[in-house]
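Just below sit the structures, each encoded as structure tokens.
Each of the two complexes below includes chain A, the first together with chain B, the second together with chain C.
Entry: the complex of A and B
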């Protein structure tokens, strides 16, 4: 592995570009390089591992028990990459993927404040997941963060929230984080569980598979560890962060009664969803997954997207967890090698055999978790009108509902034109799913019927200075004219 | 937030205040480690905001670093002597503050 620290160290052309150095990207890059392809592994973060194995090579947390054994598995993925000649570019943002004139792709890259366009024959997007938006009144107050953010601060910097900490929401990460923060000495005054109890009914059918899955033992251990020690409150139906200028408390509704818990930090989590901005802007087809309740790129068995030459693997193509992510990256690379003619279809299938078996095993039981931890409707489409939905442009749920019903707006792109929601720097990452849900509710439509934001490159804002330095190619021109 | 364990420290300033943080921290983590929860004011209402996702998704961690605005603090590694300032007003491509 060669680490590139400046943009001019990146070559003009690669056989394959892998975007994201989490488990998927690390496995995909390693496999492709082992098969003799020239690989660029571009990642926005300062060090490899993605979010799940965040700072695996640099973490200041030395007590292994704090982060748990699963975390330390990430080291093996990085170790596999070392002997290969993968070009690894940390701190490198990929802001555009567009077809070039010779059947490959042109990547728009930015590193250290400078932009470049680089050619590649194939692309594997391994951009992973982001946390599902959790719009409640006051969620924009400083001191309110995602549970994942607290976990990243712990892994990467050894930071623990100071003062009284409340963790709220639902999903396995909630328990994992509660356990990790408790082990690290945080003062957790409440864990507020928003999981609707009736979820058990729909999840029950998927229980047998879960009972045979690797999740079971792990999950039970987590629960037992967290539940025993921490102040859990189940059946939470409404939440609001309180404070002015920063969070000072959280109002909690349970069984029809509301009370306020004073706190200095509020950590929110209701599952993760694929990060789709890059694939969407590249024009890859996507659909709404009605089980996982999220927009998901449409891919085949080899994680090939609707655009030949672009594969999307890992959680970015549907949530499957860290173990499945690495396996999916592996499969995507085998198929990329087949496209190059390095492997015959038969060789590819043979090599994929054990990986496919492991993948099926790693995904067993996932459906049960998906159904059990489906967020309640009130946390997907906030009932309180004053709730900010688009954090960037400060557009509220009330404004969106009103515009949908009074002006007959039936799609998120039209909504954008009226209210500017999704026009800020996050480009809809934190409002898209909620805006769709609110429009769907207002008109009695499904998210599929409502559709999602149509995104354009650059998927991350880049500066005029960066753009000015680019040769005037088609992608660059498109990037400016938006 | 506070650190589990002290390590080699880097010096930097936030709005003129001299602070230190651990080598290897991002700018956003360095601010949190010093108890700084708010790092920008929104261009729309001027409300205070601070890091929310720590993974490059939300853009709530935008700050001005060494005179260049709109930097995502959670993605930029802290360097010794960095001058970090609260991001206020409209986004400017060249980072000039309004």
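Entry: the complex of A and C
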């Protein structure tokens, strides 16, 4: 592995560009390099690991028990890269992926305040998951953040929220994080579980698979640990952050009764969904997954997208967890090598055999978790009109509902013209799923019928100065010389 | 039973189609509008939103003037202000030679009886656009110009047309147009429609309709690119354009800055898709770097391109068909048709209803492409 620290160290061309150095990207890059392909592994973070193994090579948290044994598995993925020729560019943002004129792709990159266009024959997007937006009244107050953000601070810097901390939401990660933060010394005064009890009914049918899954033991341990030690409140149906200038409490509704819990920090979490901004902006087809309740890129068995040459693997192509992510990255690389002619289809299939078995095993029981932890409708489409949905442009749920019904706006792209939601710097990462739910609700349609934002590059902002200083590509220079 | 015939069928739901549908409805004609995506999905919804009389070709100035009168009372017309703001548009001269050309242009317009463009010196330029580079010696201003929000405007025309009885059908793709007795038969992926009059407002797809009608035109499908920045402190009111270098530049009330000027990406029209050319956008960014130092640290939040139609002479095709009675063309606006939408719809409805108009549209007819020898002796 060669670590690149300046943008001019990046070559003009690579066989494969892997975007994201989480488990998917690490495995994909390692496998592609082992098969003799030239690989660029571009990652926004300063060190490898993605979110799940964030800061695995640099974390100041040294007591292994705090982050749990699973976390430390990330080290092996990084170690596999060391002997390869992979060009690893940390701190490098990929802001555009687009087809070039010769059947490959042009990547827009930014590193150290300088931008660059680089060519590649194939792309593997390993951009992972993001937390599902969880708009409640007051969620924009200082002191309110997502559970994932708290986990980043813990892994990267060994920090925990100070003062009375409340964790609220739904999903396995809620228990994991509560346990991790408690172990690291946070003062957790309440864990508020919003999981609708009737989810058990729909999830039961998927229970047999779950009972044979690797999640079971892990999950039971997590839940038992968290529930035994922490003040748990189940059946929460409504939440609102309170305070002026800073969060001072959270109002909690359970069984029709509302009371306030005083706190200094409120951590919200409603599960994770695929991060689709880059694949969407690249033009890859996507669909609404009615089990995981999120927009998901449409991929085949090898994680190839609708655009030949672009694969989307790992949680960015549907939530499956860290273990499945690495396996999916592996499979995407095998197919990429087949596209290059390095492997015949038969060789590819043979090499993939054990990986596919491991993948099936790692995904067994997933459906149960997906069904059990489906967020309640009230958190997907906030009922309170004053709840801010689009944080960039401060657009409320009430405005979206009103515009949808009064002006007959039937899709999120049209909504942009009236309210500007989705047009801020986050380009819909934080409002998109909620806006779709609200429009769907207003018109009695499904999210599939409503559709999603058409996102635009740069998917992460670059400065005008960076763009103005963009060096001409080799192709552009040749065009002028001719 | 649903009605599949009307006095007029409008093909294409951009601002031109919606405006023509509205104006026909206002004249008491029954209208069906067919749009393959949703109203304003393409050029009308994704352009820079410039409402500009400045620097127009002489042949389209009358149409532009008629339109500007409507823009200034747009809320009365469509019950929505369409985000229209009027802070003028300024063509900045980058040097003395540029300014000489500006002077000649304004003199020429004066001789023709048009007075909307006005020459300004360096001091007036600095007063209007304080952030512009000190090297610029002056320019031209059109004070009644401004900008609007394109998709919102198009949807407002659609809603108002529908409220007056126009039958707007989105998600219906026209596949073929053929003669059927006294009517035109418009075949779609959702059955056929009949009408004695059809208006071709199909934008970047209009050449296919024209070809069906035996009037093939050399329409080029283009994808003009735009960029927008995150919100910046307010520093400029008017829209700025250049003459020699490509630039269209404006700051919205919310602080975001739109950068365009007509650099082209690639259009893949059968997939409703465009591909950006970052090399050209970098040139676009360098122009802003030169002219507005205040912009150098601005984060670019988004870039995109719409699918538009360009004619070889950069002028629209507007008016009755050269071959068929009951066929009207209104397309090929060559990346500057948004401002013309309200006026062109009114003039087109007038032609349809009365057979003529007082607004001169010479030089815009389709015959300039279909009968080149007759129209250009």
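We adopt the following convention: the second predicted complex is superposed on the first by the 470 of 482 C-alpha atoms of A that agree within 3 Å, B and C clash if a C-alpha of one lies under 4 Å from a C-alpha of the other, contacts with A are read in each partner's own complex, and residues count from 1 in each chain.
The rule we apply is simple: a contact is a pair of C-beta atoms (placed from the backbone, for glycine too) under 8 Å apart; a residue touches a chain by one contact, two chains touch by 3 or more.
Predicted model only: the values in this text are computed from it and were never measured.
When the two structures are aligned on the shared chain, A:464 is found in touch with chain B and with chain C. Look at A:408: by the touch rule set out above, it reaches chain C but stays clear of chain B.
Between chain B and chain C, the partner in contact with more residues of chain A is B. Using the contact criterion defined above for the overlaid structures, shared-chain residue A:46 touches chain B, although it does not reach chain C.
With both structures placed on the common chain, the touch criterion links A:253 to neither chain B nor chain C.
In the superposed model, A:275 makes contact with chain B only, not with chain C.
In the superposition on chain A, no contact is made by A:202 with either chain B or chain C.
In the superposition on chain A, A:38 makes contact with neither chain B nor chain C.
Of the two partner chains placed around the shared chain by superposition, chain B is the only one that A:143 touches, whereas chain C remains out of contact.
Using the contact criterion defined above for the overlaid structures, shared-chain residue A:416 touches chain C, although it does not reach chain B. Overlap of the chain B and chain C interfaces on chain A: residues 424-425, 461, 463-465. Across the complex, chain B meets chain A through its residues 1-5, 7, 22, 24-26, 29, 32-33, 35, 37-38, 42, 44-45, 47-60, 62, 68, 70, 74-75, 77, 91, 93-95. Taken together, the chain A residues at the contact with chain C in this complex read 96, 98-99, 106, 108, 117, 283, 407-411, 414, 416-418, 420, 423-425, 427, 456-458, 461-465, 467-470, 472-473, 476.
Of all residues in chain C, only 38, 40, 45, 149-152, 155, 159, 228-230, 254, 259, 273, 275-276, 278-279, 281-282, 285-286, 288-289, 295-304 touch chain A in the complex they form. Looking at the complex, you find that chain A touches chain B at residues 44-46, 51, 55, 58, 60-62, 66, 91, 93, 113, 130-131, 140-146, 148-150, 152-154, 156-162, 184-185, 245-246, 265, 275, 391-394, 424-426, 429-430, 460-461, 463-465.
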